[in-house]
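Heads up, the thing below is written out as structure tokens.
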């Protein structure tokens, strides 16, 4: 569809969150269709995880985003979908790849939302495709277990923070979940959550460097728990790490199903977003260094540095491979 | 994309206006892309006309609408686009044709919005395709001239109207044109206007018969004049004719560019919408007859009857042709 | 959240209605959460009244609005919430207070929408806080009774009105209430209604003075009756008074639950909005005087003058108090 002014920031760059939302909608359609392709209980595919996603080039207002999706692996209870986004300037005809994303979905029964159904297997052209898919499946399963640990963290507000400290840029947003945010089952679309997460992360990044910022990448996001219609969700973000030209922001989503007495507030999602700062002609700008004060902040900075160096090393390995 | 609660009425049927808006967006993308496919001045395709469109079957919340578009004819300054909409129930896999629409676009220069540019010609597989296209082009050109005449009409409010009279159900809506309603040129998307027109027509129909109503068809719509960002548009609708099971509503769009002092309020678009009333299980219901009071109302009723009988005759001729 | 192009007028100033909607959402969340904090029937807090609200400074596209809410008083069946809005330019870090609003909510049972539940009492730090709250509670209760009287008024259209008369700028808008406009109980959010009211009032003001206008204040708004999903609401506005630099517009909301045959159209809300006209550099401009023609118009002008002088006197008293 055509990108509109509301999809973009003041400089005309489309929010990463808008792209994530479109990716997720495409993934939900193709995986729901696949899981209902055999006779049996009708189901809706729910987003369980999005793998790390790089935003290769910014999209602008007036461009058309073309989204294509393909199922690349099925386990017994989950579907892996690859989604590609191309942005096309329909005036010049220029096309560029914006994103390649990998999403995992799980089919939930329409009659009983807590029942996970079986996924019809797909046919692989080559045996290796199945093996590679299986390897990706095992890896993401492991990673999902790990992030569950990290989830106790809460963001406290700081009074009169100094510029460039963690407390100075941290932000949070509350949203009341309405009907258009939800699937047929009455739970929030993963894409809606990701769009709000990107919005908060963008505010944190802009507060820190006070320039035009764009989403560069999103670390793997795990959706631990469903969020019901009528819940209030609090999305909080804080900066964890800065390199010379990038900022890493941790985002938490907490859901408060406050009309449902049986449940306490719970952590539904958490993720890391990376932003870069752009000059008026679209070049990356240096980023002010994050000032860490507490022990926890220093620890999170080091952990962020670890993720940054790991990603950098992976990318260089890929470039070398490609060059060979 | 997946149809959401906000796209639909209380009974879960997607508004015809939502479908029209999607059709128009697809048409605008394919024709803008085509008109910029040759070197020359960059341009944006503006909607000039939509041919009569039938809504073959209602679309429901949760279904996926697939829109495909194809250029079928080009004249020197205009492009004909055929758009098909299929709705797909991704739970059952059932697909049905929802709409087939024909739209005409005109390329306007990005630098000078009053300049109409030349359209690169398309290649036809068979010579007859070009001849048939040319015939459709001449017909719509003639029809556009004719509707221009009808445009002086204004809707006056009636105090304490009786049920089932024209004054009882007539309605109007004002809308301030915002940035997301507009193209790159700063003029309202044709699809946005059609969505508002359908909204008003739907309110007129519901006020008349007080049941669940759905759009059955839209007569050819001509877009006489562009509407600028920041304008206030008034969309007014009145019932003109009822058959046993359908209602015809005339809709006018008037634009008031009130921040631009040099222009008066003007008629931008007008069209006829046909609605049917549906029971809870989706069967067509009888419609209360429209009570006409003034001479003008009686004349418009007769004209509406003429259009109704003409359409009916055409459809029967097509059915007979198909049966042969 | 970040203010988007669609939240603002052509000059980039965010609509007062967008701010009102955000205020009401914050108030609804905090009061619903409070009313569900004790074991008992689950409920949703419904807006009963908004006290007079001044817009202290305009907010622009790209700024972040920070909304904070606090419960300041509880009676047996109602909750008073204070909401503060700060706008923050995240590029410069500049913050300013935009609004301070006081809202009253009433808890309605989720199982039976006509049942008003009891509100858990809050703890006051000082005894005077409770006494002052009680005084505010009694005052608003009295005022709610008074406005009920004024509600018979209807706006009639005028044919070919002269510029600057009441008939020239009066406007009305219809809106079909969709799912996203509603709470879990299926009734329109107070904030949605206020946003539409501000939209109509803004169009009246702009038609009168044909310049960029912004909301300066809103008089106390009482929500007499709930509005159900699927209703058509008509929002009408007319100018009642002009001072040298401000315009007062009266706005009515009438609801037409036309699929529910047992109910007639009824007046749901009414309120006065005050607007000022701004030059391109944001300075207040003189406003053309309103031309009153009928006896009713002259009477309403005098009443508006009374409200204007009263507010002015109150503000000066506050300034003197502050100076002492």
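Chains here go by letter, A, B and C, matching the order in which they are written, and residues are numbered from 1 within each.
Quick note on the criterion: a residue touches a chain if its C-beta (ideal position, glycine included) is under 8 Å from a C-beta of that chain, and two chains touch if they have at least 3 such contacts.
For reference, the UniProt names are A, B, C = palmitoyl-CoA hydrolase.
Fair warning: this is a prediction, and the values are worked out from it, not measured in the lab.
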**Common touching chains of chain C and chain B** = A
**Request:** Count the residue numbers both chain A and chain B use at their shared interface, divide by all numbers used there, and answer same if that is over half, different if under half.
**Result:** same
**Asked** At what distance in angstrom does the C-alpha mean of chain B lie from that of chain A?
**Response** 38
**Message:** I need the residues of chain A touching at least two other chains; which ones are they?
**Reply:** 5-6, 179-180
**Prompt:** For chain B, which residues are in contact with chain A within the complex?
**Reply:** 1-2, 4-6, 25, 28-29, 32-33, 36-37, 42-44, 61-62, 64, 88, 90-93, 110, 179-180, 184
**Prompt:** Inside the complex, what are the residues of chain B that reach chain C?
**Reply:** 5-6, 9-10, 156-157, 159, 171-176, 178-180, 199-200, 202-203, 206-207, 210-212, 229-230, 232, 256, 258-259, 261
